[in-house]
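Shared between the two complexes below is chain A, which pairs with chain B and chain C, respectively.
For the complex of A and B:
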């Protein structure tokens, strides 16, 4: 009973001391801010040219004409076929529906090219590790962890308290970044944000747990976390077949795939994203988060502060 | 100040008990089969760098866990959170939350220690006054001098009013007035029944504090006893005087003359320094005067004359070699 009381009291006090004191302005922060601005500038550039549609983008895996070329050909066809009113009407109807499709195609184009690939495959892990690795990693490397260890607070409280203290920063920075990109993309982006902020938030929690574990328990955690983000999330996450199930991004994509399917938009054929229900995908992500949290508490409880001087 | 667990401490239990404690740092044995029992009062922990002082202190403060044996503070394992209530530790490290002020640092540490929020302002006022930081309490830790940070560490150690204080090199970086105040503070804490373990290279300060000394060498306790024994051995230790003169030709003649003095144990010529003569003696004052007289008599002009001050670590090492 004393242990439980001390645990709760410890989490509360660690949270109170560290919640609003996340380290901003370190190297990783500027790297992730830089990538945000870089991607945002590309998104703004595409938006200014009004290109968030299938006029210029071809559906993935299809060679040949893009939609703009196709509708132009149909319109040209109606001219070639001559003054036959029936044929002309059919061609005009096809062209009009194609144009309508192009106007409405901003959401899937933005989602597939920005959210599905760039955001989930690279930006989100980077944004999450920016704060999560620094949570206890900065204390380890700055050798201030000693001060926490000298207090009558259970190690498990320190770990959980610090995790809860960085979690809002991870979520605000990541969802904020997503919102910023969505606003840059205009209406298509806003639709995507409204539909996908929940799976992105779940992915943030999972990434936060994984990267926080690395920061707390591994030496040179920033490098390991960057390597993980690139190898597992970017490369493995975009592999064909079931290998991509090893990445956290896969489960977020499953939810997003099904949410957009509900709207009648199929984001990616044959990606295996329909194999997991939304509930299963959420359970997988929260399960990974919990696993790393428990493992972190276990290993962090055994850390000794060597070579402090 | 009221200790958090003060009521629960059984005065019959030994404040600090280390039994056959060993600690490895990789392939290096940092502490080897150390047994130690401390009663209330001040005990000094002496030893050269790498002798295992900080390792022992870190084990007592619950920052390290012994590979063999055990440590108990009032019967409680200091590695546990319960044990941390009983130990106030001022480490020999200089890493802080640099963007915090001294006051914020201590307030947050007090809060983490479980001290009620409404009690903290008064507690801080008291502790800051005791360590002499009241006037600079708003200074950011990154802007503090070494002495100020050292005082902040001592304030941190006494914040919870623990019955056992572990102070690793507490005099380092503190000015003479501060040292005098710190000695007074530690003596007051001793009078209040605290058990205090202090490591230091400053034998003069240690002698003012306590007569009880524990000596460590290569991770083992080599002796324990009164500090006066250490002091005597230190006074008897030979020192070298460096004499630098203008004329290279006369240096051999000077060496021969100096060797005839009964207090001179030997001379040597440092490699590559043809103007310098090193004289070994146990009585540097007498021999220095003699060197000046001999130089004047032989019309030799002196460039430099000084007693070579050995690093405290080397002095300590020499104490254990005998």
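For the complex of A and C:
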């Protein structure tokens, strides 16, 4: 009973103190902010050229006409074939549907190129590790960990209190970044944000747990977390086959894939994103988060503070 | 002493892999101010971690106030490292420490102000810790260790980085909390002068071995048979006549400082007569005060020689 009381008091006190004291302004923060601005500037430039559509789309690796040219040619064909009313009508219909698709194609183009590739593949892990790794890593470096351990609160409460304190920062920073990119992209981006903010939030919770674990239990956690983000989330996550299931981003993509399918937009054929239902994907992500949280509490309880005074 | 020892270590050994950091350390210390002395790498920090229960000994055990289970709520710890949250105000930080020590929020705040008042922090308690000087940080660190009114204070280098007035003030606080408020204090430091000024007992560690654990008096009192005689007049003959009784002699110009060993008052009389009979004039004849520096280095030398 006393232990439970100490646990609750520890979590409450640590959360209250650290919730509004997230460490910003450190190296990783500026790196992630820099990448946000870089990607945002590219998104703005694409938006200004009105290119969030299939205008320039053509089958990968093939020379020749792009989508816009093809539509224009079909439209021209319908004029040339004027005397043949039936064929002309078919051509007009095809051209009209092509034009309509071109106008409506902003959402899938933005999602595929920005959300699926850049955001989930690189930016989101980077944004999440910015705050998560520093959670207990900063305590270690600031040598306040030894002091905290000398207090009569369980180590599990220190771990959980600090995790809960950084979690809102991770989610706000990541969703804020996503919203910023969405606004830069215009209507297509706003549609994507409204549809995908939930899977992004779930992914944030999972990344926060994974990176917080690294910061608390591993030396040189920032480097290891960056290596993880690049190797597992960027490289493995974009590989064909089932290897991509090792990445957290895969499960977020599954949810997004199905949400957009519900709207009638098929984002990527053959990616295996339809194999997991939304519920399963959420369970997987939260399961990973819980697993790392429990593992972190366990290993954090066994840390030896050698070299700390 | 008849009291329950504050700390009682029995055959305490701590190994990190093949390295033995503490080797069969046994001692007991009683209420008062206890100096924990030793050069870098002596094992002081490891011993503190074991006392705080932050690590387990490889063998042996520790009891605090007669109990083998460490009750952190009864201990206040002041780390050597800065260990502060720069964005917090002084009183907030101390209250935060109090809450972690088990106090309710309102009690923690009240105690924080009480203890900061006691340490003379005034209005500076409302400033952020990042703006504090070293002396103020040391005071806040002491305050956070005291906020929950512990029975035992463990202070790691509390006077490190302080100028002489601030150092004296800190030592005065320690004396006050020990003598007036009945706290037992473990003072881990490199500064032998601090220990000699405030401590009642000392534990000396070197290379993980406990070289001494006794009262300060016992450790430095081994010079009580040594005397200083200032001799004028026929100094050369006097020194020759004293023979092996003379430990050392320093020519001071008009007179000589002669250090002699006298086991009894009869011997003091005999030396006095000897000096006078050889034409010496005794300006001063006083017992030598014990000195912790000498005693400390003598212990280290003794261990070194025993090792050779």
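Remarks
Keep in mind that, in the parts below, the second predicted complex is superposed on the first by the 295 of 309 C-alpha atoms of A that agree within 3 Å, B and C clash if a C-alpha of one lies under 4 Å from a C-alpha of the other, contacts with A are read in each partner's own complex, and residues count from 1 in each chain.
In the analysis below, a residue touches a chain if its C-beta (ideal position, glycine included) is under 8 Å from a C-beta of that chain, and two chains touch if they have at least 3 such contacts.
Everything numeric here is computed off the predicted structure, so don't read it as measured data.
When both complexes are superposed on chain A, chain B and chain C clash. Residue contacts after overlaying the shared chain place A:154 against chain B, while chain C stays out of touching range. In the superposition on chain A, contact of A:13 is made with both chain B and chain C. Shared-chain residue A:29: touches no atom of chain B or chain C. The superposed model places chain B right into chain C at 293-301; the other stretches listed in 257-265, 275-283 or 293-301 stay free of clashes. In the superposition on chain A, the residues of chain A touched by chain B in one structure and by chain C in the other are 6, 9-10, 13-14, 17, 142-144, 146-153, 304-306, 308-309.
Remark: chain C residues 16, 45, 49, 52, 54-55, 71-73, 75, 77, 79-85, 87-88, 92, 96-97, 99-102, 156 touch chain A in the complex. Interface residues of chain B facing chain A in the complex, by the touch rule stated above, are 4, 25, 54, 58, 61-65, 81-82, 84-85, 87, 89, 91-93, 95-97, 108-109, 111-114, 156, 160. If you check the complex, the residues on chain A that touch chain B are 2, 6, 9-10, 13-14, 16-17, 142-144, 146-155, 304-306, 308-309.
Partner chain C is touched in their complex by these residues of chain A: 6, 9-10, 13-14, 17, 21, 142-144, 146-153, 304-306, 308-309.
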